[in-house]
Structure formats: structure tokens, C-alpha cells
Amino acid sequence: MPDILTTCVYCGCGCGLYLHEENGRITGSTPSREHPISRGNLCVKGWHLHEFIHSAERLTQPLIRKNGVLTPSSWDEALDLTATELLRIKENTGDQGLGVMASAKCTNEENYLLQKFTRAVLKTNNIDHCARL
Amino acid sequence: MTNSINEIENAEVILVTGSNTTEAHPQVARRMFDAVDRGAKLIVIDPRRTPLAAMAHLHLPLHPGTDIPLLNGMMRIILDENLIDDLFIEMRTENYHALRDLLFRLDLDEVVRITGVPLDTISQAARLYARTQKAVICYCLGITQHICGTENVQTLANLAMMTGHVEKEDTGVDPLRGQNNVQGACDMGSLPNVFPSYQPVSNEDYREKFEKAWQTSLSGTPGLTLLDMTHGGADGAIRGLFIMGENPMLSDPVLSKVKETLTGLDFLVVVDLFMTDTAKLAHVVLPAASFAEKTGTFTNSERRVQMVRRAIPPIPGCKTDLEIIMNLSRRMGYPMEYDSPAEVMEEIALLTPIYGGMHHDRLENSWGLQWPCWDRQHPGTPFLHKYFFTRGRGHFVPASHQSPSEPMDATYPFQLMTGRIYHQYHTGTMSRKGTLLNRENGEALLQIHPDDAGRDNIRHGEMIILASRRGEIRVKAEVSDQVAPGTLYTTFHFSEAPINLLTTGARDPKANCPEYKICAARVEKIRQGP
Amino acid sequence: MEHNAAGLYLPKTAKVQSVIEENSQIKTFALSLSMGAQPTVFRFQPGQFVMVSMPHCGEAPISIASSNSRTDSFDLSVRLAGRLTSAMHSLQPGDSVGIRGPFGRPFPLDKLVGTDLLFIAGGIGLAPLRSVILSCLADPRFSDNRITLLYGSRSPADIAFCTDLAAWEKSGRVDCHLTVDHGTPDWKGSVGLVTSLLDTVAPNPTRTKALVCGPGLMIRAVLAELTCLGFDPNDIITTLERHMKCGVGVCRHCHLDDKLVCRDGPVFTLAELQGHEVMELAT
Amino acid sequence: MERFNLLKKDHLIGFLRKLAKEYRIIAPVKNRHGDTLFTPVTDLDNDEIDLTNQPQNSIKSFLFPQTEVIATYQSSTPDDYTFTEPEPSFPPTIFFGVRPCDLSAILYMDVIFLKGKKDPFFLDKRRNSLLIGLNCTAPFANCFCNATNSGPFLEFGFDLQFTDLGDRFMVETGRSSGERLIEDRPQFFTPSTEKDSQARYQSFLEARGGFHRPVHLDQTLKKLAKGEVDESVWSFLSERCQDCGGCAYVCPTCTCFTISDQPLSPTNGERLRSWDACTFSGFTRMAGGHNPVHRATGAIRQRFLHKLLYDVKQHGRTSCVGCGRCVGICFGGTDIVRFINMSCQGELYGT
């Protein structure tokens, strides 16, 4: 598998770097030389960007709080519950009772879709992210 | 940023203020070093002697929160020595007289007293900046995270406009954006008052446009800001929160208040890669895919929209945020079906004028495009404000000094500043999983000046108590003359030392940005034994 | 290139035979490499170290503290310092650890035959010297050597290896002198730095070899004092502690200018260290 | 006159296609983004083998990868803790288009990993690798292998070595393993003539005269050996070093590594070896927090002295091969060329 060019997530500089994949695992990062920002080098965070991807601490199943404890569940159960609860609160509170926090670490497409979801589905403009933090 | 990152290396004078560039924006710092090697002069305004300040030609170590009087002082000297750009002011700006009136009333002795910077240094900086042709100002959260953040930025703009240092290549005022896609999240309308491309929700025409596109009715009432939501949820009106990839339980000020708010909700959903402090409070936690497992775009600090490419399929059990949102909206009776992120981008291009020419196929075969990019033929915009300001003429908004929100007193005699360090990123959920990054810098350190440390007999490397009027944490002391006597500095990356238990909830009323850079604090030794 | 190189980085499993709590910070573990039920022979020389693995904690170098005459098991004395050593402190008899080694250049025992031996240790630094002392006591070549030990601890409660000290004292073979930095009301021994004991024992620099191990500051003070007393730099032998990863002279974490402590040390004479920027020698 | 083989450029792909039946081919490939990297060639018809730009990675990334598993461990109870060495998985590989600097770097790595206790992971890869070199006829902007004696042409270390003679390559044989590559595929080769040898020598002369950067390595080596490098050089470098580790990571001879455990579950995990850099302060920091190497004075010095002084003492050569990869990418503008020239000229701000 050839190296895959992508964009670093560790700051606003936006370096171009290649992820090295082996047997389904990302084993390294290397800067793009031609990329206008990275120009052949990355900072220490970029060089070690791949390290968290396969961390054993990654969440790998949805969790639902049952009797006060977060308990593994299926995706369907978690999504159904989320949809039901959001709808219930929306019905009870109108456009005031729900809020959404988007993320400066998510992609543009995800942010776009999340604000569309907020405005078109939840019917509220209560959406923000930590732009100022 | 109005300029591109690469323009910085061509500048002749670089004024850096409120930015620890070498640690927070290494690639920008790299351009600054290059510029210095080519003969550029570097001016750093920072209360701390940061690595960049240490190698600067001029370092102005001002007292925290005194940016406005310092910059006004520089402008007064520029005015007195007639180093202003009359032609630029005449042709391109308005309201200059208001600034001039303010500057004429300014007492430079008072400036020296407030800022703690010698007049001679201020004059040198003023002359250096004003006399050059190509001058760039880079600023970051050290400017904005104050109750007068908006005024700080306006004052920087005043300085740049009065000397004509805008609207040109290699010259301008550049805010460095902290997080990787903070620019994009704003552009995409993840804000309470605007649709994508900063089109106000309160404006009927824009609302109609989005209602037509999305085929549904939309609210015209601006929503709540982040701090409104996490600090009391607008007095309890908020009953449910959906949090995607954020960790307010570490990143937001006055964490006790955030915790009270989040635990008081009827329903909290957190979508994240890891079990964050916020996720621990959730009713439902959904495991998301990381950047390596999805395709999309990020917009960097210089407005460059570039591809993020999927290198591996999502880790078994995880879903991309797009899938999660589509799944939810389908269940909630408003199906949003997109075959690919590229299809989402096509809709973005349709509704977001500054992204009008952004399509994945174009981005795929380039190093990205800088907005505004109006249509498919548009090459993108490396620097903004080339011929005219977005709002027409540049408007001078003079400002005067505002004291920080929280005064020091005998109990809390220190000014505590917070910021970032090189090896960690934001709340550390990702960077702290990296073994090497964590080895290099794996715990919170509180910088304290040797004089202050000596007075309290605090040793380098000792765990001490750091307290503010809102709480206390334990943190390791780093005795360092990077900070001035009477000031402290630490970071917010570490959940073991959640500094935002201490920071103040005061914020800039215009931008809603919390005053992370100053709160009153005290330190004390941990008493041994019972 | 044809040699089979497998196993260079592959730890073997060792079983904890016994645990001795030396003080609140130090425990001594007797370990034996196990191949099925029979313990495997483990040979080493005093001064050498092993790389110890604990689950999810990686590896750390730990010097061997037992006599080289014992080959069915070996001792490691471990002071609480980081994640791995904390994990070790919860080990019980029967538990497993990973072991690679022994590695490193040992103390030059052959060159010590026939001289007076002066051991100077601070805290956990007694561990590698204990290995030398025990090896000498078990080796007939050393039956005539005069052996003196100067041992400094932070406080009476911090004195480690009490059983050994008592046994050595009792046997009359080792002249033990103890000191503590901070005394307590019931402490009758001497108080002060370990260097102060040098005046008491007044070693003869021409026929004595000094073996020194302890914290950096202590080594620094002792080496300076010994030099003042007229010891030849070749007769002052110390062992250095460094961060290590491979243990076999490749990864370079333990660099000391052009030397690697894991390969060229950890045992060095003062003569070998002079001219290098060594923390333990810095003035 | 010594006879060599000639391979027409038109037949290069054909030759590689035959080799690809038995070997994985790793060559400099220019990807669609315009970057040239050593990459496994998967599609000889469409992958653009780029012999005109320097690959930005060296083949170190394959022989000593950024991360590799050196053991797996499992421990379900405290009395059970066992390790397993991974099965070797490096397929027979031909590295094609390896330039003299990178070839020299491999010879250096052979010394580090295979002299004395043999590193099993490097050995496995090295054993399964054949090296087809490519002499440099036009040095790149940052190259200085002339100063480090590792180019632009190389006399040994390769299995085969190609020299570009316009429409054809002259092919030299370095080892019997290389000889066999030709013998088994004789149809691609014709014998060289005296004219070809002259052309090769001419191109060597041109290459030798084609370096763009004056690098005064000899003078610096003398000064280093005598300990005459000014202290201000070290403080200048350490003030500017921004701790990215990039110089070590792009360097074809930097072989420092760290070992760490990556848990896969509560009961098992992998032991990883990954690249490390001697300039990082955590490189030498001990468990209790104490660091015997002062970052400002010790770590940066170690990087340059190791390459230019200690390796000369120990192995009789510098471990800088003059590939120039670290030049121009340093965040603080303090690469090895700047160091070398600063040390002998005693001048801080000149390059």
C-alpha cells in the first residue's frame, strides 16, 4: 500500500504528511517535501501523529448509562436512544432545550453536516465550538 | 490570517504578540527564523521570555493584560515622529481622527508605568515597525483571551493601518489559529449566529436561501454560545447537549460550573475517540473514527482548505462522524443521505460563497485552495484585503486600557497565565496517547520566577498547590526566569492538573472569549504529614 | 551474517522466588529463570545489569545485587522511581517478570585480588557493590583481602540491606561503617555525609582499590575526596546509572560522549571518565 | 580494459518487470502529488520511477522502519508473562536506484546493527535485500557527499550499480548476487566498449565538479578532533533547535531508537521499536526525572559530535553521508552544513 497523503491534526499550520500503512496499521508519518507548509519537515507532534491511532484506549463500542454506569451497547440501541431522547427534549422545550458542540478537530464536511443537523433537525441555532479556547 | 504562512519569511519586520510561536505554530516560527536569517528584525511582545523572545532583536516584556496601552504608546511615538502612512490613511481608512485624538491625550509616562516596559524599548519597537516596508504582525490567543480581546485586536489593526502595513503581499495582520480546523469550523457555521460563510441567521434572505436548500423551516434567533451552554445552560433552559469531539470538562473555564451544568442535563451525548473527562459524564458515548480513518477537508490558519484522506478503514466498532450524524437524522425523520464526503462538499460549495469553488476533485490534485475561492475557475486567495477591506474602508476603533477582570490582592498575589506547550495538543486526548510525546512532556508544570520560588522555599520539581478564588490544584513547580516575578504560567493539557478549575469565567463581552490569560492566584507548599 | 541472531531483544520469563522489603523505598527480589520446573543456570559478573520487563511498562536496566557464585537465582534490588519500578514493588513470590541479559562490563574482579578493598555506597547504590562483596566473600582468592564498607543513608529508616550488614559485621570479614544524613534520637551511629567516614578509616591509597556507587552528588563528593587522599584514578572504580533501552550498545540512550554506558560500562574507573562531561564528576 | 554491461534505458522497465517476478521492487516513485519517495513498485506501467529527483525518504525507512514490532507479550495473571518474537516477514526485495550516499549509509548501518551482537530485525531485512545503486551524475542543491567521501560515484557496497550514460546505463557488478541478476537475464545486456568507460569517467568528472555548496568538512573535523569548536556554536545551535527530531528522522544513518510497550488489551500487547532522536530531552532523562545530559550543552553536541567525531574514532568514518536531506528542513536553520561551516569559520550568522 503506498503512503497516503493527509493533513496533520495537531495545529492550525496544516502540514501535509504521508501516513505509512502496513497490514492495516499506521506505522509512521513522513512530511511531504513539495507541500507548501511542511516543506519536508514536521514538528515533533507531526512526526508522531500516528501514535494515538491504534491506542488500546480507543473507544470501540457505544456506551449507554444504565443504573448510573456506562455500559457497552449496540450501535442501533445507542443511536435509537439518542434519537428518541433528542426528539423528546425538542418536543418539550422547542428550540431552547437542545445544544450542540461542534469541533475544531472535525472536518469541514462534518461541521457542515452537524450544523445542518442542528438547524434543520433540532431546529435550534444553539451550536458553537471552542474557537476561542 | 490575511497573509499566507510562506509570506512571513519575506517580511522585513515581524511583530509577534501573544503567541508562543515556536511551541504552538512551529511551521510559522520556522518562517520567522528564515526571515531573521535573511536579515529581518523580530519584535516580540510577551510577558514571558519565550524561546522566540529570547532570540528576538527586541523583547517587550509587558505586564499581562496591558497590550492596549503598549500598542497605543507605540502609535503615539509613530505619530510624534511622523512615521504614519498619510496616503494610506487618507485613501483606505476612516475614523482616523478618533485615534489621533486618543493618542494626543495619551501620557507616555503612564504607559511605561502600566506596562512596565521602558520608553526607550517602546520607541525602538515603534520605529522599527513603522519605518519598514514589509511588516507582519502575528498574534494569537495571548491577544484574544482577555476581557478586552476585541479591543486588543482592533488596536493591532489601528497600528497596522496607521502605518499602511496591510493590503500588501508579505505585510499584514495575521491571527494564528490554534486548532487544526478551527478556521473551518467557523467557516462551516458551527457558530450560534451564522450559517456557513458567516451569513447571519437573523438575515431573512440568507435564511430563505438555506430553507430552500434544506427544504425545512429554520430559526432566525441566534443561539447560545459555548460558554452559555456549558456555564449553566442558559439558566437551565438547555436540557440536552450533543458534543462531538470536544472536551469542555478540561478546556472550558471554571470547571466546577461546567460539571454542575453537564451533570444537571437530562441527556448528554458525547462522540469521541477516547473516554474523555466529558464522556465520563455522558448518558450515551459514541466511538468515532480518527482522521486516519476518514476523508474530508481541514482549513488551516491561512484559510487553506486541504484534503484529509482515509488511510485505513475505521477501527472495528467505530463510525465516522458523518455516518453518526446521518444515522441520527434518518432516525429523527429528516434523512440526510450522502454517498461520500465529496457530496457534502458539493453542497457546501453551493451554499457557502467563500467555498464556492471548493470541490474534492480540485483539492485532490492540488495542495489545497485558500478561500475566498468563488467558483471552479477561481485560483484561491493567498492574501486577503488586497484592494479593499471586506467592509470597504478600514475603520479605526481607538481603545483605552482596561484592567484585567480579576485584581490581585494579598491572598492571591500572582497573575496566572495559561497556554500551550510544544509536545501536547489541546486537552491531550490524542497527544497524550503518543508514547514519545508523553515522554518528552508528560505532566503539567507551573513556571514560577526564582525570586518568588525562593521566598516560599519552593524547589524545582516540587509538587505544590496552586489556587485561585475558584479552587485549587496540585502541580509541579518549574522554577524558571521565563516568567517575570509576580506572574505564573502553566498549561491546560493535563487532566491531572485541570487548570481550568482555577481560571476566571470573565470574558470578552463582544467575542465571548474567556480571560484565560490572567487570573489572580497563589501558590503554597504541600504540607507534609497530618 | 549467517549467525542466528534471534532473541537479542526477547526477554526470558523469570519467577520471583522471594521478596525482601529493605525499607519503604527498596525491595530485593530473588529471581530465577525458569524452563519448566527446573531453574536455568544464570551466570553473570558483579557490576553487570539485566533489562527487566513488566507488563505494559517496557523495560528498565537494574543491576544485579547477588553473588556470582549463586547461579540458580539472582537478586535485584529495586528502588521506587517510575512506572516500572512501582509495578515491580507489587510483585509476589511466584509472579513473573521478563529478563534480558546480563549486559555490561563488570567490575574487574581479577584486578582486585590482593588489594585492600574499600566499598563506598549511598542508598540503593549498595546493590551492585553487594554483588561484589558477596562474590569476594565466596571466592577463596579474596580470603586475605581487607574489606571495608562505608555506607550512607538518608536516615536510619532508610538503611537497606540490614540483614547483609549484620551478617558481614558478625563474620568479621567486612568492616562496616554506617552514616546517615539526618539522625534520629535513637540513632547512635555517625551523622553526616559518607565522605566524613573516610577520615575514620584512613585508607592507604597505595594498596587500596575504592569501589563507589550511589547518587550522582555522592559519587561526585567521594571521587573528589579520594583523589585528595592520593588515590590513583585507576584505583577508583564506579558504576554509572543511565536511561537505557536496548542494553546492547545500539540505541544510544546511555551515551557518554563517545562511550555507551551499557556497552563500555556501567563500570568505569575514574581514569576512564576523566576528560568526559560526566554529571557525576561535574564541579 | 574492464568490461561492463550496458542496459538500454528503453529496456529498464522490461528488466525490472523480470526482476519483479522474483522480488519486491522498491524504487524512487514520483507520486501524483509530486513527491518522490522510495515506494514499493506495484504497477510498473503506471508508477513513475523517478531517477532525476532525490527520494525524500532513504531506504532506512524499510531496513529500520519508523516503528516495528520486536516482540509480543501476554500476561493474563501476575505469574504468567511470556514473550514471542514475531516471524520474519520481509520478502526478497530489490532496492533500485539507491544513490551512493544512501548506499554508504547502509554500509554504516551494517556496522551498527551487525557488528558484534547481531540485530535480528535488521539482519532479516538486510539478508533479503539486493541493492541496485545509481551513481549521481548531477548532485542536488544540498548535496555534499564529495566532502564526506560517499559519492558522487561509489566503488563498492552494491550488488549492481547503474551509471546514466544518456540513452543507456552502464551496469557494474559488485557482488555475485548482483552478477546472477544479470546472468539470469542476459537478453537485456550488451558488453560495454572503451567509449562507454570514457563516457562514464567524463560523467564522473562532471558530477564531481557539480556540487553547489562549499562544505568545509575537513577543516571542521580537524577542529573537532582538537576540541577547538567555539562554545558559542553550541549555544547558538541549542537556542535555535526546536526539538522536532526531523534531522534524525530524515537522516539515512541516524539509528537511535526507543523501545516501548503498546498494550493491545489488558492482557497482551506489543513491544515496539521506534525512531528516536538524541536531541530530545527525554532521550536521556531517567525514571526519577533526573537528566544527566543538559539539553542546551549536551544533546545538540551529541548529535554533531557523534556523527563527525565519535564515529571517526570508533569506525574510521563520519556517519554523515552528505545526502543533504536535513539541510533546509531545520525549523531553526541549524542543519549540519551550517554547523560544519560555522565551526570552521567561527561565524554565527553566515551559511
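Order of writing sets the labels: A, B, C and D. Residues in every chain begin at 1.
Operating definition for what follows: a contact is a pair of C-beta atoms (placed from the backbone, for glycine too) under 8 Å apart; a residue touches a chain by one contact, two chains touch by 3 or more.
Please read all numbers here as calculations on a predicted model, not as lab measurements.
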item: Given subunit C and subunit D, the chains that contact each of them; value: none
item: Most widely separated chain from subunit A, with each centre as the mean of CA atoms; value: C
item: Inter-chain pair with the most contacting C-beta pairs; value: A-B
item: Centre-to-centre distance between subunit D and subunit A (centres being mean Cα positions), rounded to whole Å; value: 37
item: Rounded Å distance between subunit A and subunit B, as computed from the means of their C-alpha atoms; value: 19
item: Subunit B and subunit C, separation of their C-alpha mean positions in angstrom; value: 52
item: For subunit B, residues that touch 2 or more chains besides their own; value: 26-27, 30, 367, 422, 435-436, 440
item: Residues of subunit D whose C-beta touches two or more other chains; value: 33, 242-244, 258, 260, 262-263, 269, 276, 280, 285, 331
item: Contacts with two or more other chains, residues of subunit C listed in rising order; value: none
item: Chains grouped in pairs wherever the two touch, ordered by label; value: A-B, A-D, B-D, C-D
item: Subunit D-touching residues of subunit C, taken from the complex the two chains share; value: 1, 3, 5-13, 15, 53, 55-60, 81-85, 91-92, 94-98, 216, 241-243, 245-246, 248-255, 257-258, 277-279
item: Parts of subunit D lying in touch with subunit C, wherever the complex brings them together; value: 70-71, 73, 75, 78-85, 112-114, 116-121, 123, 126-127, 255-261, 263, 269, 271, 273, 276, 278, 283-288, 290, 292-293, 297-298, 302, 305-306, 309-310, 313-314
item: Subunit B residues touching subunit D - in the complex, by the definition given at the top; value: 22, 26-27, 29-30, 33-34, 37, 51, 54-55, 365, 367, 422, 435-436, 439-441, 461
item: Complex contacts: residues of subunit D adjacent to subunit A; value: 29, 31, 33-37, 39-40, 42, 56-57, 61, 65-68, 242-246, 249-250, 262-265, 269, 280, 325, 328-331
item: Of subunit A, residues touching subunit B in the complex; value: 4-16, 19, 21, 24-26, 34-38, 41, 43-45, 48, 50-55, 57-65, 70, 75, 78-83, 85-87, 89, 92-93, 95-133
